[in-house]
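Chain nomenclature is as follows: A, B, C and D, assigned in order of appearance, with residue numbering initiated at 1 for each chain independently.
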Amino acid sequence: MSEFTVAYARPRREWLAAAVIWSAALVVTGLFLWIVGDIVRHGIGQISWGFITAAPADAGRAGGIGPILVSTLLILGVCMAVSIPLGVGTAVLLAEFTSDDNRFGRLVRLSLDVLAGTPSIVFGLFGLAFFAKVMGLGFSILSGGLTLACMVLPILIRATEEGFRSAPDDYRLSAAALGLSRTATITHLLLPAATPGLVVGLVLGIGRALAETAALIFTSGYVDRMPGSLLDSGRALSIHIFDLSMNVPGGNANAYASALVLVALLLIINAAAAWLGEHCLRQRIVPV
Amino acid sequence: MNDMRAEFRPWFALAERPPCCEPEPFIRTEHLSLHYRDKPAFRNVTLAINTGCITALVGPSGCGKTSLLSCLNRLTDMIAGAHVEGGIEIGGENVRAPRTDLIGLRRRVGMIFQKPNPFPLSIARNLEFPLRAHGVKDKSRVAELLETTLTEVGLWREVKDRLNAPALSLSGGQQQRLCIARALALKPEALLMDEPCSALDPLASGVVEDLIASLRMRYTVLIVTHNLAQARRIADHAALFWVRNGAGELVEYGSAKQIFETPREALTAAYVSGMRG
Amino acid sequence: MRLRHVLLAAIVAALSGCSSDEDETSIVLTGSSTIAPLASELGKRFEALHPRVRVDVQTGGSSRGIADARSELADLGMASRALYEDEHDLKAYTIAYDGVGIIVHRDNPVRKLTDKQISGIYTGEIANWNEVGGRDAPITVVNKAEGRSTLELFLEYFTLESSDIEADVVIGDNEQGIKTVAGNPDSIGYVSIGTAEYDAGQGVPIKLLPLSGVDASTANVRNGTFPLSRPLNLVKKTRPQGWVRRFVDFARSPAARNIVTSQFFVPIAQ
Amino acid sequence: MLIWVLRVCATLSGAIIILILAFLVLESLPALRHAGLAGFFTDASWHPTENLFNLLPMLWGTVLAMTGAVLIATPLGILSAVFCHYYAPPVIARQYRRLIELLAGIPSVVYGFWGLVVLVPLIGRLHPPGPSLLAGVIILAIMILPTIALMADAALANVPVQYLRGAHALGLSRWATVRGVVFPAARSGLYTGVILGAGRAVGETMAVLMVCGNVVQMPVSLFDPVRTLTANIALEMAYALGDHRSALFVSGLVLMALILVLVAAAERFAQNHIHV
């Protein structure tokens, strides 16, 4: 009997753990509601169809954010178009083709970890020197998108790699026994199985890209005109918010409204990323 | 009826079994040894598996039977630290040559695992996807193969209305038959089976066993089993493995009739009579 | 495959974009983030007047404006300060002035401070408001970051060295300064007068203190009586030509006055 | 074929940091040549216009702010993930996950803005001046929380169901299962989340710049203002010229060195304690 007395102490510890976990969730929710509530309360009044489509006027105090929204989406598009293939490729190499003690793999992982900690302003200055000047792209949506791609790569790679690592070895073994090539195994089995990791990477990466200010000031620039091409300079939403709240007296109201639009945009893009992951990759993986 | 058979199975079938084997060996190993890092799995195995026969590998756990199977389709390549010595020849080709076409080899030599391991895909895609990966692109051909192989393993009637259901929703026995169908769809010449029935309940096990028996003559089957009665029922040949000096060794190899009725080695006699092992 | 072609076509189209308008010219301005909103607005008005011209404004700080003007990466640099001794290879065109005023929280009972008191507060000799006639509360000194032109102007006026200052908070942009002071009833800072005037008018709890007896107001900056102000300059290595010259002329013309005022800066005297 | 494509991808990804480092070194050279590397750690203070370049207080500021943020955000983030998987009803869990995803994408400016107008005055009332190490720690913790929580969430989702069934079969309670089975099985993912979070905390610029006070000093209490290396670059780059500008790039370089040390230490730790 005596060895099972521990069981009596359990409910209390169990209760305590549950209490701690629920309160952690409540704290996070509270903080979130506080911050987002603040944005919504101050920003909702400005939001209208006109605000979303019109061009900014009077340094952003008046008018809307139409061209800025377009620039933001273009920058994000460039960033994702470059970072997703590069990131997934690297993640596949790291997870499927290099063992833990492989030197090349460790080197790449190390450099990615350092890249993950690189301050955004250094990315900005680097992007200005490398993409804008050396590669001759100038202040452009392309420069901004490429700089952001460098920034989100480590997040994307790490998350995707985790996804691949979590796919059971069973799949690899039985696929090999069927004589499936590495490529077929990866594209048809492991990639779908790694989708949750990829989606987390995307959500974090998109979040970081949309939220980025310092890296974009020096690369995609400050021009708030509707961009005509990817080689035009275009102001991103986060820069607009920064400028309005820190540099333009009287810009607060529109700064809040722009932040609200950004949050809404993020909500839509995240949902789309999750949906795409679910339907384009995962569709074939049928959970029981 | 089908279910009844699983339990009342003639015990005397051995002698009456029609001759199946062409004396031509399909798989041949020469002084084959395998060790994982420092731990030997089996050593010095020389075997010739006849074409079209069912050959059972029997013996206690840990004597290297499963490892031997993974050597044959070079799945050992995927295990870090596995080191193989000796020769393997399948269908006249040297499997151990560095330039062996692994993909082709594994298509020709199917493998069934102890635990049914369908992919987490739909039933149909479990068959379609490997076919497509092996170059069968024509949709009607894929559909045709899907139906014939599922029929061959007796699954077609059971699943034809829910081909898009998840494979993992099938019962254990159905999953294992699906895995066999998945291997058969690739038109292999040989099948390596690693205790294919041991994870199944007796009824399902009986169905799968009947399926394996029906593969005789058409495929060269190498089956690892702990179930001596099963080996007796379905095998044409049998090989007994035993652990000696910390590694598996081949003790005796011969026709099933000979191994089970007139074993040459005392160890074999003791094992098949149930006195050891 | 088809999708890939469509994508490729889209990329090519996006890259080439509107480059078909061959005769379009663009004027690129880079530099001070203080001037950027003003330059942007000037640019928009200029574009409206001359549809063939595009004015692209980029920020990055005064030092960037100077550097880009020197290397001629930009058509015009923007610098929110007067040129230094060693920068006279460049030509500066002042388009507006910006006064720098001392601000405190609105609830602070202190109405005025002498120059000596201010420099005492900033060097840490005066640490409590009651020493200058206020409440008994420690002073929170808000200073600008090293190198900023408002800081240099401030140091020059009070003849201080940067290392003499004992700050409690160091800030970058004007609005950050205003929000910091608004959030702390015992703080003191210095920011652009136009910005402070506007924000105070909007109900932000700050107030401007007079300097050497002169009220800190844009009016006093304009008539030259307020002692602490800086020019907002467009700089260029060579004498501007063509559209660039027309833009500089426009920015300095009476037509631009209302734009300058609407961005809370002080227009130049004609 | 595939492997070569992948190798190219990995090489490109790995090469970015080398390009960035090369760029930083190139830009730092003038200051390093004039002041010497030692000067950046031994000078009396940071007054670059007077040729004094001591970066140590900012190095400390960065380390302290990062450590504090990680200490707060790690338990909150991991418990959030546990909440989603094992405690919350599915409906709440889904909403909660959405909420954290949103938190991940709020621009640092917004966090900074919120910190400046809400958090800093609050702390100021508690203990003036307000802008402080504490404010920075809190803001950073909120910012890196989603990274840690989402990575932990993905890691928990990947814990094989058999483990959980096994734990249930043994009659383990929920918390015992989480602690004894789930955490060990998900170690690698949890660890990755914390590393990414710490990286973001070190590299964050705008929000920190708005709430930390930016005074170059060794903080003695949580209520003291500090300046981080990133804030240093962002604050002064706009008006910096010559050696001053170059010295700011040295800040970047020192920051990268710090990250390198942290990553190497984390790697060592992982090798000894986490077997993935």
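Simple rule for what comes next: a contact is a pair of C-beta atoms (placed from the backbone, for glycine too) under 8 Å apart; a residue touches a chain by one contact, two chains touch by 3 or more.
Since we're looking at a predicted model, the values are computed, not measured.
Upon removal of chain A from consideration, the remaining chains are partitioned by touching into the following groups: B | C, D. In terms of the distance between Cα centroids, chain A is separated most widely from B. Here the chain pair with the top count of touching C-beta pairs is A-D.
When every chain is represented by the mean of its C-alpha atoms, the one lying closest to the mean of all protein C-alpha atoms is A. Each chain gets one centre point, the mean of its Cα atoms, and the points for chain A and chain C are 33 Å apart.
With centres set at the average Cα position, the gap from chain B to chain C is 80 Å.
Centre-to-centre separation between chain A and chain B, using Cα means, comes to 48 Å. Chain C has residues 33, 60, 172, 176 in contact with two or more other chains. Taken residue by residue, chain B touches two or more other chains at no position, since every residue touches fewer.
Among the residues of chain A, those in touch with two or more other chains are 245-246.
All chain pairs in contact, by the document's touch criterion: A-B, A-C, A-D, C-D.
Within the complex, the chain D residues that touch chain A are 1-3, 5-20, 23-24, 27, 75-76, 79-80, 82-83, 87-88, 96, 98-111, 113-114, 118, 142, 145-147, 149-151, 153-155, 157-158, 160, 173-176, 178, 188-189, 192, 195-196, 198-200, 202-206, 229-230, 233-234, 237, 249, 252, 255-256, 259-260, 262-264, 266-267, 276. Those residues of chain D lying in contact with chain C across their complex are 45-50, 52, 116-117, 120-121, 124, 128-131, 209-210, 213-216, 225, 227, 234-241, 244-245.
The touching residues of chain A, counted against chain D in their complex, run 10, 13-14, 17-18, 20-22, 24-25, 27-29, 31-32, 34-36, 38-39, 85-87, 89-90, 92-94, 97, 100, 104, 107-108, 110-123, 125-126, 129-130, 150, 153-155, 157-159, 162-163, 165-166, 168, 182-183, 186, 196-197, 200, 203-204, 206-208, 210-214, 237-238, 241-242, 245-246, 255, 259, 262-263, 266-267, 270. The residues of chain C lying in touch with chain A in their complex are 11, 14-19, 28, 33-34, 36-38, 40-41, 44, 54, 56-60, 172-176, 178, 194-195, 198-199, 202, 262-264.
Of all residues in chain B, those touching chain A in their complex are 73, 75, 78, 80, 102-108, 110-111, 113, 115, 117, 119-122, 125, 129-130, 133-134, 164-169, 179, 182-183, 186.
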